[in-house]
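Below, chain A partners chain B and then partners chain C, in two separate complexes.
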Partner chain A sequence: MQSKPKSFFDASWITPALGFSSLLIVVLTFVFTFTAQPDVQQGFLTRILPLHVPASWLAYLSFGMTAVYGLAYLITRRNHFDRLSASSAEIGVVFIVLSLFTGALWGRPTWGTYWQWDARMTTTLLMFMVYVGMLMVRGIIDDPARRARVSAVIGVVASVGVPINYMSVYWWNTLHQTPSLSVAAKHSSLANPGILIAFLLSLLGFTVLYIYLLRLRGQIALRVSDLESEEIEMQLGSMKVAQ
Partner chain B sequence: MNPRSNNSWKYILGLVIILGGVGFVLSSSLNTNLTFFITPSEYLQDTAKYSDKTVRLGGVVQENSVKYNKQTLELRFVITDGTSKFPVSFTGTPPDLFKPGRGVTVEGKFVGNTFQGSQLLVKHSEEYRAPKPGEVLDYANITDKIKDSR
Partner chain C sequence: MNPAEIAAAHKWDIFVYWSYGAAVLLLGGYAFYLIRLMRQLKKDTP
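What follows is the complex of A and B.
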C-alpha cells in the first residue's frame, strides 16, 4: 500500500459529487436539446449534435491524457500514472464507440449512408482499434513494471492519432463536414441558440463525467494492483517455504 | 503459477483480431484512397488518370438543373464546383437532404460527357441555424422525412 499525506483532492466526497454534477448537467443538456428549434436543413436531426460532438471530444481528451499520464509514468516511474493512463484509455474507447455509433445514426438520414471510408471515419476506426490493442497488450504482460512501460510507450505514440483525426477534414476531401465551432479560427456556424447552449453544456458535462470516471476507474485500478502485489508476495512466500 | 497467465491466450486472440482489423482498414482505405472525392475541376486537370475508372465526384447541385422522374426513378442534374460542371445521371432514390444548392458526392463513371452515378450521397454543411423570424418550417414534412429514412 502506498501511504501519502491526505490532500484536499483525496476527500471521499469528491468523486460522487463529480458524478452527480455530470448527471445534472446532462439532464440540463437534454432540456435545451429537446426545446431547441429544428434546423432549417436537417430539422430535428441536429439534436444528435450535442451528443455526437462531445462524445468525440471526450475520446480526444481521454487519448490525450493517456499520453500525458504515460509520459508522466516514463519520467517518474510512479505506478499511479500507469493506472491513470490505462483508465483514461478505457474511457476513450467507450466514448469513441459512442461517437462512431451516433455518427452512423446521424449519417444515414443526412448523407444517405451509415458508413463510408472517408478519412475522418477511417482514422476514427483505426484509433479505436489501436487503443483496444493497447488494452489487449496490457492483458498479455504479467510483469507490472514491464506492462506499465510498454503500455506507456504505446499510449504516447498512439496519441498522434488525435491531431490527425481532427485535421483529417481539412487535409483531405471528406464526406464529413468541418467543425461548426472553432476557437482557433474564431468561427461559429452554430446559429441555433438552443443547440449552441446544449452543445456547450454537453461539452462541460462530458468533461466533468471524464474526471469522475477517471477517478472512479483509478480507485478500482489501485485495488486491483494491491491485490496483484499481494498475490506476488504470497507466491514469493510459498516459494521460500518450498525451499 | 500466476492466475493471470491463464487468461493470456484470450488477450493474444483479441490482439490478433485487432491487428487483422487494422490490416483490413488500411487495405480498404488504400484501395479507395484517403481522398474521398475529387472536384469536377480536379477531374478536368487530370482526365487521363481518372478516365475509365470509378471515381467519386464532389460538388454542388446546380440550381434549376434537377430533373427527377418518380416513375422510372431517373434523376438528372448538373454538378459544379463553381468553375467546371458536368451533367450527372443517376437511377434510384436520392437522400432526403438532396436539393439544388447543396453539396453532393456521386460515385460512378463517365459515359461520354455524362457522369453515370451509381451511388449518391449528400455532403451537408457544418452550418446550422434556426428558422429566421417569419420563415416557416414545414414541420409535418420534416417529421415525414425522419420516418421515411428509417
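What follows is the complex of A and C.
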C-alpha cells in the first residue's frame, strides 16, 4: 500500500524545533526581565508583568482556540478537531493556573491581598473551574463520538467566558486594573524599555510554546485514540467469538 | 530613607523569583510530562 504523502505540517522536525525556539525565547525573556530597571512605584515587582500578562493572554488564546476547534468538530465531525480542542483546553488550564498564581503574588504587595472576590479574579477562577470540568467530563464518557460532541459543545459555550473576563474590569468596579496596554504611558510599567522588551518576548515565547504544546498534545491524543480504537475492536472481536 | 524602610520596601521582591520559579515548574513540568508520555507511547505503539 502506498503511504500517504506527508505535508509540511506533518514533518517530524517541526515539533522539536518549536520546543527549542520557545525555550530560547523564554530564556531571552528571563535575561531582559532580570536586567530591567526597577519601577518608581512598584520597584522590582514590575518584573512580574512580563509573566502574568502573557500567561493570561495565552489562556484566552487557548480557550478561544478550544471553541474554534470545537465548532470545527461539530460542523465536520472530524476527530482531528476534537483532539485539538481538548489539547488546547488542557494547555489553557496550565496557563490560567500560572496567571492566577502570579496574580496573587503580585496582588499581595501592591493591593495588600492575595485574593479579592472582584469581577476579574472571580471570572478567571470560574473559567479555570469550567475548563477543568470540561476535561473531567471527557474523562467519564467512554463513547468517543459522544465524548467529542459533549466536549465540543462545552468548549464553544464556555468560550463566552473569555470576553466577559476581558471586559470585567470595564463593566464592574474592580480592584484589578484595566488592561496593561490601556494604562496611560507615564503610569504604565511598559514605559520601562526593559520590561517592554521582556513583555513582547514573553508574548512571542509563550505563543510559540503554545503551538509546540498543542502539536505535542495533539500527537499524544492521536496515539491514545488509536489505542482506544484497537481496544474497542478487540472487545467487539471477543464478543463475536463468545456468541 | 533609613535601612529598615528600604528593607521593608524590598521584602516582597522574593515574589518575583517565586513567580518565575512557578512558571518554570509549571510549564517546564507540563512539557516534560508530555515528552515522557510521548516517548512511552512511541515505545508501546511502534
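The rule is short, and it goes like this: the second predicted complex is superposed on the first by the 230 of 243 C-alpha atoms of A that agree within 3 Å, B and C clash if a C-alpha of one lies under 4 Å from a C-alpha of the other, contacts with A are read in each partner's own complex, and residues count from 1 in each chain.
Please note the rule applied: a residue touches a chain if its C-beta (ideal position, glycine included) is under 8 Å from a C-beta of that chain, and two chains touch if they have at least 3 such contacts.
Here the structure is a predicted model, which is why all the values come from computation and not from measurement.
K.L.:
Figure out whether A:V97 sits in contact with chain B (first) or chain C (second), or with both, or with neither.
P.N.:
Second partner only.
K.L.:
Looking at A:L51 after the superposition, I want to know if it touches chain B, chain C, both of them or none. Which is it: first, second, both, neither?
P.N.:
A:L51: touches chain C, not chain B.
K.L.:
Let me test your reading of the model: by the given contact rule, A:R108 touches which partner, first (chain B), second (chain C), both or neither?
P.N.:
It touches chain B and chain C both.
K.L.:
Kindly classify A:A221 by the partners it touches after superposition: chain B alone (first), chain C alone (second), both, or neither?
P.N.:
Neither partner.
K.L.:
Quick check on the superposed pair: does A:G43 touch chain B, chain C, both, or neither? Answer first, second, both or neither.
P.N.:
It touches chain B and chain C both.
K.L.:
In the overlaid three-chain picture, which partner chain does A:M65 touch, first (chain B) or second (chain C), both, or neither?
P.N.:
neither
K.L.:
Pick one for A:G19: touches chain B only (first), chain C only (second), both, or neither.
P.N.:
In the superposition, A:G19 contacts chain C only.
K.L.:
I'd like to know which partner A:V208 touches here: chain B for first, chain C for second, both or neither.
P.N.:
Touch partners of A:V208: none, neither chain B nor chain C.
K.L.:
Jot down the residues of chain A that show up as touching in both complexes, chain B in one and chain C in the other.
P.N.:
43-45, 108-109
K.L.:
Please name which positions on chain C make contact with chain A in the complex.
P.N.:
For chain C paired with chain A, touching residues are 9-10, 12-13, 15-16, 18-20, 22-23, 26-27, 30-31, 34-35, 37-38, 41-42, 44-45.
K.L.:
Can you list the chain B residues touching chain A in their complex?
P.N.:
2-5, 7-8, 10-12, 14-15, 18-19, 21-22, 25-26, 28-29, 32, 34-39, 58, 94-98, 102, 105, 120-131, 135, 137, 139, 142-143, 145-146, 149
K.L.:
Give the list of chain A residues in touch with chain C in this complex.
P.N.:
My answer: residues 19, 30, 33, 43-45, 47-48, 51-52, 55, 91, 94, 97-98, 101-102, 105-106, 108-109, 209, 212-213, 216-217, 219-220, 223-224, 226-227.
K.L.:
Under the definition above, what is the set of chain A residues touching chain B in their complex?
P.N.:
Touching chain B: residues 36-46, 49, 108-113, 116-119, 122, 125-126, 129-130, 132-133, 136-140, 142, 172-175, 177-180, 189-195, 228, 231, 235 of chain A.
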